[in-house]
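Going by the order they are written in, the chains are A, B, C and D; count residues from 1 in each one.
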């Protein structure tokens, strides 16, 4: 095989597209962790639910854009219910308990989708407007994956604006540093937590519906995704949103370039990356010491 | 003149751009009670963290009994005879009071013994009981540390520090949060302890230490401001200005 | 009775395990429970007693299994030597992984152990010539155990159960001694307050490394026994999902209690076994049970039990059990 | 909580129970009031649809045999167990079946790793195991025993048949996208060996981790290489995802995509677009009933029993696997492993796809292979997904030789 500049460039674009989905997933995970200290093991399952609901809404409305709006709302609503009924009683009990609970929850969600949509899953299709491939000058690249990169950039920008420029964002930022401050400001912190958990889940669902057209939608699709999004979150530093984005792209690119030279080690490469990062920077690229010990 | 047990030279600690302790040098004689005073943020706790080995200083040296121990690991500080009781209560919460003290005392005897039962170290059990009695916790022997009242936890702190039989005892605000009655008992205990070992006390309640200390050091903004007997300190204009003036 | 169990914890667990196969649906499940119980106990040494959550412990189970398997399949070594090799290899791997991982804390510690565990997984996956790769290692069969001239039929499930029980019992005795030792006190103090333990004069990093190695060796022993039990070594033995299972078993039974992990392993495997035969949707049922336990019995089955019994018995006066509950049962 | 039993008494009880237990003799095989067949398959997990179909087909075979009177009045009982697609679980379940349920035979499995672990357990205990999923390894002398039978196709046969059909038609430059495990490697080996006769050239063999969901990182290289043929040597969901993404990357414009095993359920899950024009092999496709009489008979029985449903490829293997064993019981007039194994070795049968027999040296079932292509238009119903292009008849010469497999005595 010849490593031409064209091939390497195309591979980099592929890596960025992969990284876009990783980054989105990690943002949701990191947001919930940074604010609530909850390690959400159901994140992969919510991604999967998002993919199913996305394809279901697509079938129902025949419009991908509707589905792109409806799905995060629906998964976000599921998130609200989860927080209110299951996670809230566990605050202050350490990280192990929410971890176990959300793990159990992920099994329930997987089984629920099996019952609702069948074991084999459902075929997914690319929206007609986004089909086909584009000549990037270095080779043909699927249009939909370019859309993925753009969509992620848009979502990240919106989220950044929300957190940096709005009153709610200010409360969230303050709350993640010190819940007392928020209480002093006279804001019901439990409602902030509820909202953040909902937003985190909505982002997981959104990544699911965005990723669905690129892959088979089946009940187990969230299991490997969970491990990958943890890797990204940890590499970036738990609780850091810029970290999630940078690490997402980094992991995507490392995966893509490893695929080129040693494809069978592609999956391993991201774990090696994580081990290296943590051994050099024990709290991740953008993480702060202090989270859990 | 007796040799100093602890000497620090040009001790400096920076956190990023902030300098918490700036070029502090001093020496402490054996079996004396010294207090370090200063307003909040003066660098008292940083000084303690450095001489107890919790951090390595950015610059300067620490000598204990003439030996340079700068940069050694914290547990080595403890093993050569420097013990610290913490400002914020820092005990093993889910262990019983007795076990807290027993573990602290065990350090001198056994650290990696895997197969002998703890119970077979009778001397440790007795020593822990004696120390609990000394700090007035004999009745709470089997309570979980987390179930003790605040003042009792402070007393437990002191018992743990003593368990290591230190030649140098560092006490970071031992009476913080204590009732007046508890404070009195604690001050008496400290006076007694200082008869057999070097004690350095950090306090920001100046009146409290004036009565019992022979020597005071005053820190301000990370720098050494003054040193002397209580009378000298009381008479020092600069100290009055930055410190007493506030209170 | 709790007092009695606390005082003679190894004896009581042995007495129970002697009759255990009678109450189980079949011996292979009982043996699995022994093995995974030991795995969880080894894991709990690190998780429950030292407060370090590792997500890479499957590596030690798997290394124990594979090295024992390789010793038997490729080198035709006697079974006892194969076990020794498996345990030693797991301990060594524990030394390496532990040395790297103890530099980090909290969730990062969990993730470093996960990553290093995955690296072990791929190493064994790729070493197909020695490990059989994805197909697993087959032929770890020891039909007859030769014990100083005594020939034991290892294909007979009951014999197999008691042989494996002997190893598990020895390991439990060892763990029990360690927990009761001065070193046991050191690791508990590290769990409670790492900074304070260092200020007390304990070398925290070294103690963590030692307990990591011990924990790895115990898990490795569980692995070697599993290889002998199943006569195969599946590649899943190294998978992080198995590490996750150890966490679940500990939490389900009660972390930081001596019997908890064993109870957790038994309930987990028994539940999975029974529910699987009842419904294809076993994942939902098992997942639901987890949720219920976290919400309503956060101390785990055994932890809740000893708590309730202790409270009911000695409510009025200061309870000696409660003061020492972490170490006594 | 009731007052606990006095600890001393409890210990006595325990000791008593322990001794009683030790007195139980080693397991005694039940004499055939019923013929018990253990059936471990992955009822949950990625291949549960196939597994459930296998169970239905197996139950059909059992019912048929029982209705025909069984053997000397003994009826057959099928004991289905979920192996969760996990080799450790499969071994445990097989131990359960043998030690507790005292089954006479074991039939089942749906992955290379689980079948090898079931085989290891059965072999030590001299229980016949008839495997109904693909693997080359199980034929080899190292894993084989007198009691090991292989009802399914193996990668060498499947890949060979697809290669012999496809390579002459579509060109010489070939790229393999291979799942990095024994199944994938065995398939590649099969294609390459069969390809030699046609002068095919391997441009690249890209090995991807098993279970990869996103193949985009492997595809630019293939795009650049512009091969005549892309062989997807992976299975199930890996096949669905890689076929779908290869389509997205426009690979099909210049390249023919083929795969050794084109699963019926994968095609259903992936949809017609992803699989458009994809060609591959299968052990069975229901529409071959037009050409094969036994297929028609089997389909009709299956439709009648299950409300008009048609059997899937792997499902059909459950039927054949059970029917062979039960026929051998009758032929041997015994249920013991050895006579039944000998009867199986002598069996010539045509249960559902034309004539078959087990080769003597490795007990591989010699059988036909069906080449199909995915339909993307003109489907009559949801089950009408493939065109049958070709049926390669059963022929021993398409197998690896007994010597090559390490079987010293080729009888």
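Heads up, the rule we're going with is that a residue touches a chain if its C-beta (ideal position, glycine included) is under 8 Å from a C-beta of that chain, and two chains touch if they have at least 3 such contacts.
What you see is a predicted model; the values in this text were computed from it and never measured.
Novice: Going by the touch criterion stated earlier, list every chain that contacts chain B and also contacts chain D.
Specialist: Of all the chains present, those in contact with both chain B and chain D are C.
Novice: Averaging each chain's C-alpha atoms to get its centre, pick out the one most distant from chain D.
Specialist: B
Novice: Averaging only over C-alpha atoms, locate the centres of chain B and chain C and give their separation in whole Å.
Specialist: Once rounded, the distance between the two centres reads 41 Å.
Novice: Would you kindly tell me how far, in whole Å, the mean C-alpha position of chain D lies from that of chain C?
Specialist: The computed centroid separation for chain C versus chain D comes out at 35 Å.
Novice: Determine the centre-to-centre distance between chain A and chain C, using the mean Cα coordinates as centres, and give it in whole Å.
Specialist: 33
Novice: Compute the distance, rounded to whole Å, between the mean C-alpha positions of chain A and chain B.
Specialist: 48
Novice: Which residue numbers or ranges of chain C touch two or more of the other chains?
Specialist: 283
Novice: Could you list which residues of chain B touch at least two other chains?
Specialist: Where chain B is concerned, no single residue meets two or more other chains.
Novice: By residue number and range, which residues of chain A touch two or more other chains?
Specialist: 264, 267-268
Novice: Could you please write down every pair of chains that are in touch?
Specialist: After working through each pair, the chains in contact turn out to be A-C, A-D, B-C, C-D.
Novice: In the complex of these two chains, what residues of chain D are touching chain A?
Specialist: Against chain A, the touching part of chain D is residues 45-46, 48-49, 180, 204, 206-209, 211-214, 216-221, 223-225, 237, 240-241, 244-245, 248-250, 265, 268-271, 273-274.
Novice: Which positions of chain D touch chain C when the two form their complex?
Specialist: Residues in contact with chain C: 1, 4-5, 7, 10-11, 13-15, 17-18, 21-22, 24, 26-27, 43-44, 48, 82, 84, 86-88, 91-92, 95-96, 99-100, 112-113, 116-117, 119-121, 124-125, 135, 137, 142-143, 181-183, 210.
Novice: Note which residues of chain B are touching chain C in the complex, please.
Specialist: Residues 52, 54, 73-75, 78-79, 83-84, 86, 90-96, 98-99, 102-104, 106-119, 121, 142-144, 160, 164 of chain B touch chain C in their complex.
Novice: Where on chain C does chain D make contact in their complex?
Specialist: Listed in rising order, the residues are 1, 4, 15-16, 18-19, 21-22, 25-29, 32, 128, 132-136, 138-139, 141, 143, 153, 155-159, 162, 226, 230-232, 234-237, 276-277, 280, 282-283, 309, 312.
Novice: For chain A, which residues are in contact with chain C within the complex?
Specialist: It comes out as residues 39, 86, 89-90, 93, 95-101, 103-108, 110-112, 114-115, 227, 230-231, 234, 238, 264-265, 267-268, 271-272, 274-275, 278-279, 282-284, 287, 291-293.
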